[in-house]
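As structure tokens, the structure follows; a few thoughts come after it.
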């Protein structure tokens, strides 16, 4: 029996060897030719980096991954650079391991700048201002976007990345058809919003659909609400201080913002399913009762990406629409909360530089914008690109905003922005702890 | 006539190969060929563009065959030496590869973790025992310790108890394979799948007109005339609801191992006891349990360790909210979400220390069984 | 005499009834959640969200028999007469059950003016079940959108076929290699004498508790140096490393408890350790090897993180493919459920294939012979 085993093994090994010998090993990667004149992007379009590969990683999968790949296809065809995109669900964990393990992809897409800040602080991210033309950048981005890309590193402030795609958050979605039939009016002030809520409640329905369950990220939709009310009840300076950790959570400003949220969330009959159901409802399922016939709830505040979660077969502008989440105190104008994807670079090669430069142009997201689901932060992009009214409307809201601020929890350090802020607010909503404990816990978790 | 010289030459060659210089050359040649074969295989697998099916087949043969070949060749080499050396070196052929791999994959990283646990979040400066102070005093950590104790006691107890019960009972029925397959099935489901399954059990939709529960537990409660409850939001019993998931997953493990131990009990032993008039309970407690005692300990130890390392269930179901956090989930959060490698490392080391008593008990048992 | 026998028989039957009863009860509890998800995997996404899976079974449910519009002139805040009862909006909203078994419910809010009369009837015979979820999981979900020039583009998402092959290429060696290495080591620790045996063994077992997450960063660093990233070898070695402590521990327990006399008699016959191991110990240990093989295979098969870190996206395994299919933030329950069942097929097959090794007498027989 033993001999038979070794015989079989020997035969298999020989077969494997033969197969191995027959196979053609792939050619070694070609070296890029020596540097020529012009920016890296021009050189790429001149075909200098033909045949090179740039690897990218990010959290988009599925729909978003396909649209992203579609939008860079032209670039790939024209330059011959192959951008290999890899999307993963456990993005945070895998990217931390790969960067710390010394095997990062060339470019990483961070939906949370806070996470990128950690890698910048470790000295892992490459300063893109060393090769990008700052004049061009200033022409193509609002200054606030450029400011948000500046991060601390061991060598002082660096520009850690460039913004590729943004989405607007200050939007309230409603089932347009039923809403119009019922004769409800779109509110333009906070009081009108509350009056509308009261009216819907008196008609026997719950006005709001709210859900904050999101697995390990449960709680993030509540942080968005608080950021919205923060922007509407206090100054931008206070908001910025709060994001940086200089204004405590346990402060009158933050308390007032949270009270405004709970004014809606905790009022009996205002939220579909009641207060406890907020914490158990998956955020993507939350808007679904709006599209029951007749609707079971009527208003849902969420970023423009939420339309992917709407039931299939609905038409934007007919079955659903949105309005701007109204201001509370006119003194603070019409602020808009945004979030976005920042692309950072971890391997410095000429072709990677070219791709990074490409991402600073509107052309890099045009395909995605036209396919729907993305909004371009680039000033050289055009409103005509937006194929549906909803996306165009969001883009317009961002353009018309008196002030734009980035999602605060995404900017805060991970321990707060992706940790205690989510967790404490979730516990507060579920009734496990009171507001004082929640705020003290968040303040205590801020890294010193 | 013609073949005669050839046979002679062959004989000569064989003679030459089995003596002196030839032997040494062969001893060098065989490992060289082995290495060459393995190297070619590796290069093929890394670079080839062959159809995927072929690559996969070659990979499996190469990987499994390669390891077997390495053992065979190295043992063959050692056995060429004198008896004294065989006795000295052979143990290392047996344990060497395992020890080397463990050293590389787990021991070195553990040492690194130990060092990191005394450093700050970015791994730059030494901060003394600050991370350990966090691990033992933070409110979240204390809660996690309490929950882990629950997981360890209830999760392990029920998994092993139920696994043993099923293994013993199923052993006496003709439908054994069916029962065992059903109990085993949860192990085959991925964690994502298991998460979905249990979300459909514990789902809570809230109160209000026209709300239909899609969660099984709430449907049962409502059918019995009760009110739907947000099960995972109710500390501290939500921990029990999560532990049920672990029991559901792990009982299959305990059952399979215990079942194979039970089948190893010589049937004469059981028959003899029954002939002597012992009832089934006596047979169970006085014959079976003592006989499979070492396997019971093995299973219990591994499930205790599993319950300490477990985080997927908590992460998927509650994200550690509502008082359900466990140590391993906090480790994962600190390591990957908060990027605080110091605290994460300290937590990992605390886990390691927590298991030492279990290990000591195990080693003592080995000694008693003179396995050592 | 015969009376005693028959009562024994009766007792036996009673015992077997009890045994089977307990087992069936436990198995039911074990199965119900899985059955629920199995049924869910055949439902479309809207149904999954709006009603429980058990509603696909025939049951007595409320069926609409009549729809009544309430005229605008009626003040619904006051009780008014409708369908033979008198009630106001708030009461009707909760639903009113009449003595003759009808249920009268106001649908929607006050402005809808829609009242529905329902009767209890058998429903569920025409449950809407579909194979679409499985088709989407197996062949990739269709993704539709318009490109820059306005053309409708349909693209298939990733398919599972290639991922299955990759998973097999990762999982089979990652199961056999650690078993082989651990069996050798277990034999070494149990039956060979060498300095440092106890210390080494203690260390090996203590490593059981090390969370594999701490090893990922340093190993990746080494792999980057060795240019091993993205190869199957990298995966096998990693899974071997992470699976070895348990394998050594389990197999040591088994091999260490084999009766000493087998070994001694083999020694007298002049067999070497290697021969004893390959020809005697390995065949004897098959039940233990088989049970560990099952678990190791399952862990490797269901692993996501290790594959993500060391194998990357080019050689996607089943878990990554499924995860990607479900979408970025998505909880596409219809795909998740069908995907879970698709990915279960192979592990269950392995279980059934190895189950035949868990038979009585394998050990006992060889001890005697």
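To keep things simple, chains are lettered A, B and C as they appear, and every chain counts its residues starting from 1.
The rule we apply is simple: contacts are C-beta pairs under 8 Å (C-beta built on N, C-alpha and C of every residue); 3 or more make two chains touch, one makes a residue touch a chain.
Values in this document were obtained by computation on a predicted structure and should not be read as measured data.
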Query = Would you say B-C or A-B is joined by more C-beta pairs in contact?
reply = B-C
Key: Taking each chain's C-alpha mean as its centre, the one farthest from subunit B   = A
Chain closest to the middle [Cα centroid of all protein chains] = C
Request  = Indicate the whole-number Å distance between the mean C-alpha point of subunit A and the mean C-alpha point of subunit C.
outcome  = 31
Query = If you average the CA atoms of subunit A and of subunit B, how many Å lie between those two points?
reply = 37
Key: Whole-Å gap separating subunit B and subunit C, where each centre is the average of the chain's CA atoms   = 16
Key: For subunit A, residues that touch 2 or more chains besides their own   = 93, 97, 204, 214
Request  = Please list all residues of subunit B that touch 2 or more other chains.
outcome  = 68, 209, 332, 335-336
Ask   = Which residues does subunit C have that touch at least 2 chains other than itself?
value = 49-50, 93, 213, 217-219, 304, 323, 326
Ask   = Along subunit A, where are the residues that touch subunit C in the complex?
value = 1-2, 59-67, 70, 74, 84, 86-90, 93-94, 97-98, 100-103, 181-183, 200, 202-205, 214, 282-285, 288, 292, 294-295, 305, 308-309, 311-312, 366-367, 370-372, 387
Ask   = Given the complex with subunit A, which residues does subunit C contribute to the contact?
value = 45-46, 49-50, 89-90, 93, 106-112, 114, 141, 143, 145-148, 150, 153, 155, 157, 213, 216-221, 223-224, 229, 275, 278-279, 304-305, 308-309, 312-314, 320, 323-331
Remark   = subunit C residues touching subunit B in their complex are 15-16, 19-20, 22-23, 26-27, 30-34, 36-37, 40, 48-54, 93-94, 162, 165-166, 168-169, 172-173, 176-177, 180-182, 184-185, 187-190, 192-194, 197-198, 200-211, 213-215, 217-219, 222, 231-233, 236-238, 240-242, 244-246, 248-250, 252-253, 256-257, 272-274, 277, 287-288, 290-291, 294-295, 298, 301-302, 304, 319, 322-323, 326, 333, 336-337, 339-341, 343-344, 347-348, 351-352, 355, 358-364, 367
Query = Where on subunit A is subunit B touching in the complex?
reply = 6, 9, 12-13, 15-17, 19-21, 23-26, 92-93, 96-97, 115, 118, 121-122, 204, 206, 214-219, 272-274, 276-277, 279-281, 296, 413-415, 418-419, 423, 426-427, 430, 432, 441, 447
Key: Residue numbers on subunit B that touch subunit C, as the complex places them   = 42, 45-46, 52-53, 55-56, 59-60, 63-64, 67-68, 71, 75, 79, 86, 88, 90-95, 97-99, 101-102, 104-110, 112-113, 162, 165-166, 169-170, 172-173, 175, 177, 179-193, 196-198, 200-201, 209, 212-216, 219, 248, 251, 253, 256-257, 259-260, 263-264, 266-267, 280, 294-295, 298, 301-302, 305, 308-309, 328, 331-332, 335-336, 344-345, 348, 351-352, 354-356, 359, 362-363, 366, 369, 371-372
